[in-house]
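Beneath this line is the structure, given in structure tokens, with notes to follow.
Per-chain residue numbering starts at 1, and chain names A, B, C, D, E and F are given in the order in which the chains are listed.
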């Protein structure tokens, strides 16, 4: 397999194709221009400076360009940094499709659609079923492209859909094990719980909060979408089933201080909250652990209460069974 | 002026007309039935026991009946209690209209409507103006009857409208003094900020939370109403002015832990939050201070962080100027 | 099916066999003795007073006796109460085995042992495997009898084992879905996480904290047991695998303020914490919802941050599929 | 109108008179001296570096000097920065009075005195009236020069007096609307509430905390001043009116954790607390919004719980009425 | 030694002299009068009901009367209660001096004065020395009678002086062990730290908060006293030594949320805070442990964060050495 | 006395022997290598850069080397920094023993052993006595070398032992003054309370947390050691005396959120907690105050809730008595 950016260890000589994610023109104290380039491939991002940059280079090395870089992995202020020795644009005979360097969901869109459809089939409550289908239809494109967060977890193209699918997988076991769970409510709530993010966030690249995201927030934005769907579908918004669906979504952050306007007051709301936590947290831990050597701790992870996580040297997982 | 229930001091002989607010049939340990009656007039509520109650009495003394009571104001477990010596139904020659005994807003409905109209006239932003008028029209009856809370503040018939009017009065000065305030936003936000309570609460008598109130809450319920109004009026929900209006309402509890899904991020949101606080807290303090003797402290007020408030013996207020 | 205590509605005439869980001799103000009896069957507990109790009755009606009671379900201070009209001991021809009236795990011991053994088989790390087997052997009897808590969740005979088995079921899916999990660590940690409760609590009936439970707590008590097991088995306590096992157990309360001396710092610790939360909370909610009518809210549940949970009138669960 | 420092946009060529607020001599890594100068005018402050500074320049460019600067508005680490191309001292024919460049209260001193006197006239309680007049007399000069805080709000010459006047304006409406307020107490408390700042802070320029400010704090310092005034005026410190006056001032931070030794326990204390909040917060928001483009958010404001505030593109305020 | 009230175990027959601390006339539901009497001796307080009380008895059994009681120690709602079988006034030949039944400091006043004088002698800073002597002189009588708190700790006649002396004893060792402590500051601060309680509390019997105590609080009240003392003694209030003295007293609650208007910012302030904590907490624990059987836990102690404390069955203290 | 590193004021010419604590090879932006050296002597640490460093110098100037430095005390980003003008290795005729430059306990090991032995002699409870002696024997070397923390307090060679001895000194007075304290428990708990640090920390130089320290923490590590000691000594771990000893150690952080798995529930636990606080905090304050000029405040001290402490200009301590 091709060696990726983060497969190189500290001080190793680096030589590979990379996507330019962003650039910034800056000046040394002495006034000389240089270009700070953020490179990326599917293993992560790293920054490097191109010193004494020429005007031609400034025009050439712009976001979305794929380049070939020779250099060295170094460290600056405790952060990995790429010393650029040689850099050139990739040509057409080389892997110059930017999509190749962007992290995306490990499942392809067709698989995810199939899995979703299987689940929607089991939403037997008619109102919930219609609302879910209406909204997935309305935001079909965005749902399968949007990240699940700006940077914390599943922050990649398709992250929202993948996060939703993962939670549904967990939900199935829960639901098998505890007999009294309302499956329609659990599945419909899960599918829609973060759909507001397609409005809250600007999309999968250079993700920012939109003005709606800032002022209203994804939790109320999806409630707005359900209200509109009900108007369109002539479903009243205040029957028990619609209220329950809206409630489990409004409450999915679990506590008021995390932005839910109501606390979970039905069982399915509490379950959705925990499934969301588990999937988001495992994703965040995996992300940071993948950049950590066995026997070391990750850096502090803000969204995990500033904890650092240990990557053991011993292993014992699926792979072993497959031997 | 007629003497009211709370005008009688401890151990005084009481004799007056009262409304029965609620009753509960109970039994002594020895198995004898008695009736616990909660009486009320505009000065407040008090409970008393009717011992050895007969089946006829059980039928006669029901909620909404107006009665004439002779008895004594006593205390039980630190709470005022009415010892019932004699009780009978009020007859038609007596003040037997239940409405006479229920606390209501100090302004009548016409005055409040006039004041509201004056303010709406100054909402020059067309979308905000139309949304406000649409919703006040839709919930006209409820807006002027609903209390502003189940029990904390303005918990009386018309309390919601009166609380809104009071805040508008304060808003006018604020707005006079600080030049850059967006008046349309401030007024429209203020008028709608608690309108969700007409759905959250069951109405002015025996006020309870509705299922929608419990599961969705008045903050999101009014957002739902704005969304619906926009659909009806063909106003998009995501233009800056509508987003701002929704934001100042969603944020009016000031902090996430008090149930707002977003914190105030525009100046008018912060101002509405503080005006709400001031008017609600003054109303709560006045309520308890009105039942407290000068030189004493009120009982602990839960909604004011369990503080007790002192009622000074010295006075120095408007009334004095009017001599 | 036999009618259980909580199958009777308010004011219904009750007639059934019950176990006496506890009793208290008390006196009326007038000095007459009476006996407060707490009855139970598998649907829950209820209290009733036996007035004018005779010395013979005091001797007869003691904890662990099975009785036949005629009476009425009433309410006192908002709590259900049983008015005793007739009471007598059950005789040998009647269902007088106390075990019949005590709530217990829905799986029998053999099934639970089998499930555990299947999982232990997959703990391929030798130290973890040996420690788990050593301790389950040492506390075999207690593990299958102990409740999982004094009163909050799984507070019944076998509750600890059942809670552990339930978490293992959930763990299997998690582990299937996320590829890098250390199965030995996850399973061994799960099995032992609450084992300290066999020392912390006094057992399945009239459960109290032991002095060790109070002063040391179940989290450190199980660590003590692992230390002792290591001594016995000649396994060092400070190799990475043993440290990891101890860590995931010490950290399973998730946060310092909930009594874990360290916060989760490996992925499996975080997962165990969440699985514990989910299973315990679903169990608590089910307990209270089973005593609540559809369309009502439960009473406030202290261990769920004083929330009340709504029992919907609509249903949509497994049972329906099985029609 | 003259163009001010913050009227220039990013990358604009700057040319204007500025006051030097402070300077710092520093060295490059290579050991060459340079001077970091903080410039200011009434629109705010900005920093720039004077490279290869000569000894004569070091003597010339000192705090309080007015200079003429040509340069460019740039950005460094996300902060605005002034690149100095040319700099020289302003001469006598130019606007070289430092006072012209310092922000001050929008009302002049005479107007503020007049407004204060009007209010003092309404303090009919003799003790409160005498104490207020005694202390305003004692600290007359400082009261009209002191800022209201080191940096958070009203941090300018006359800020304390202006903050006080603004709160009094708001107080008048409050007091009009709620009938039972003790006006003497409200006005006297308001006027004195922050007077301790004249001792706590070092004055309007280069404001620092004094040792008294650090060790005692302005809340207790004004209480000390009232105690001394009472001694001087032969007023006992423990009559109800003086206790109330002291209480509303001691309690004006609203909560213990914000430094009030007692929580508000009379109505006027609660009102003063909220008026203080409103005026301080509006002032802070205005300050940051005035440096923000419409459609953007301010930077995070520490004293407003790190929130960022949005500056709408739509406007609708007084100015419009004046057309 | 005479047997005290709390020397009798549950259900024991009680026969002893007791002081009546307070009484309350009440009525049974049936309307019969009875008298609830709170008895006390130096071991604690207990309540009992005198049924069918006659008018003569009502006059006879009033607070401060010493009585002889025969009865039984019982329990009601988990609280100890005294069943009164016989009661009569103590006559002159019996121990009828109320002072004999009131808990007081274990040191007599002379000893305490001597200890204080020794310490004052070591306060070499002249201002601190003069302020301490002035205030101890001014409040001499109150200082040696006042309790140190309404009910939490040292709530007895002389408690304030005894608490102060105890802290001084601890301070001496601290001061011996850490060389750089300012002894004048430590001793003067300690002596005055709680002196405000002589104004805050109403005195040693039936202790209540005064209006000054409620509205100003003992922390600011002692600062007021120091200000007045300085005026009287012509000592400026703003020299470093006086500021330090005031600071260590203002800061002695350690944190703002416990009512100190400033946090400790000099070493001696931090030390005084901890000595206060240690002495107060040991006193509270001893109080509750003295009413607890070995092997049991105390009831929850509110002022110790609702903890219950265990009284071990093993002992190992001074007494043993003295064998 | 020899002049130490921190005896030189800002901008003073420095000339003295220093130990190299650590070094880091770095490069200027222009790519030239330089060496950042952290020097130390018993007064503290300071960093300096050796520019244009040669390969020979890189080999010569390594951690643990003693060097002679001429240079100047400067400041960089508010931190003291040493400008290196001349540097050379110390030769054998000079003070080149690294131990001379490392801060250590002010008492020598023999004195500390003696003091410990005196106290152990008073631990009359046989189990506690044997456990204490067993563990001090097992970790004898580490106990007298380990610091008491990584950086907060007593962070020097022998710091753990010295911190323990200091607390024992304070304990003796406490124990003299309050009669019912269990001396065995207090002394044994104190001696062992931080012993887990010999496993948690890597030792006195370049102190880091070990993996055991991170994953288990010193509080549970010492409990593990007591469990092992009990196994070895055939003492049961669940007798009351051993439970109490373990409890006071487990609870010594005082609150769950500070990492104790149980809160103090016996008096001696509470006392140990406070003695630990006092000694640690005085040590931290002294450390920072020793680097602060009289009349100044220290920098913010993180472990003291970010407070800054004032160093008074007035003094009044032991030293003065000794004149």
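The rule we apply is simple: a residue touches a chain if its C-beta (ideal position, glycine included) is under 8 Å from a C-beta of that chain, and two chains touch if they have at least 3 such contacts.
Composition by chain, UniProt nomenclature: A, B, C, D, E, F = 3'-5' exoribonuclease.
Everything numeric here is computed off the predicted structure, so don't read it as measured data.
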Number of hops, subunit A (3'-5' exoribonuclease) to subunit E (3'-5' exoribonuclease), where each hop joins two touching chains: 2
Centre-of-Cα separation between subunit E (3'-5' exoribonuclease) and subunit D (3'-5' exoribonuclease), whole angstrom: 46
Intercentroid distance (Cα basis), subunit F (3'-5' exoribonuclease) paired with subunit B (3'-5' exoribonuclease), Å: 61
Touching two or more other chains - residues of subunit C (3'-5' exoribonuclease): 211, 214-215, 240, 244, 265-266, 297, 310
Touching pairs among all chains present in the structure: A-B, A-C, A-D, A-F, B-C, B-D, B-E, C-E, C-F, D-E, D-F, E-F
Residue ranges of subunit B (3'-5' exoribonuclease) touching subunit A (3'-5' exoribonuclease) (in the complex, touch as defined): 199, 211-212, 214-217, 219-220, 223-224, 227-228, 231, 237-238, 240, 243-244, 246-247, 250, 256-262, 265-266
Residue ranges of subunit D (3'-5' exoribonuclease) touching subunit F (3'-5' exoribonuclease) (in the complex, touch as defined): 29, 211, 214-215
Subunit E (3'-5' exoribonuclease)-touching residues of subunit B (3'-5' exoribonuclease), taken from the complex the two chains share: 28, 297, 310
Complex contacts: residues of subunit B (3'-5' exoribonuclease) adjacent to subunit D (3'-5' exoribonuclease): 124-125, 166, 169-170, 172-174, 177-185, 240-241, 244, 263-267, 270-271, 274, 277-278, 281-282, 285-286, 289, 297, 305, 307-310, 312-320
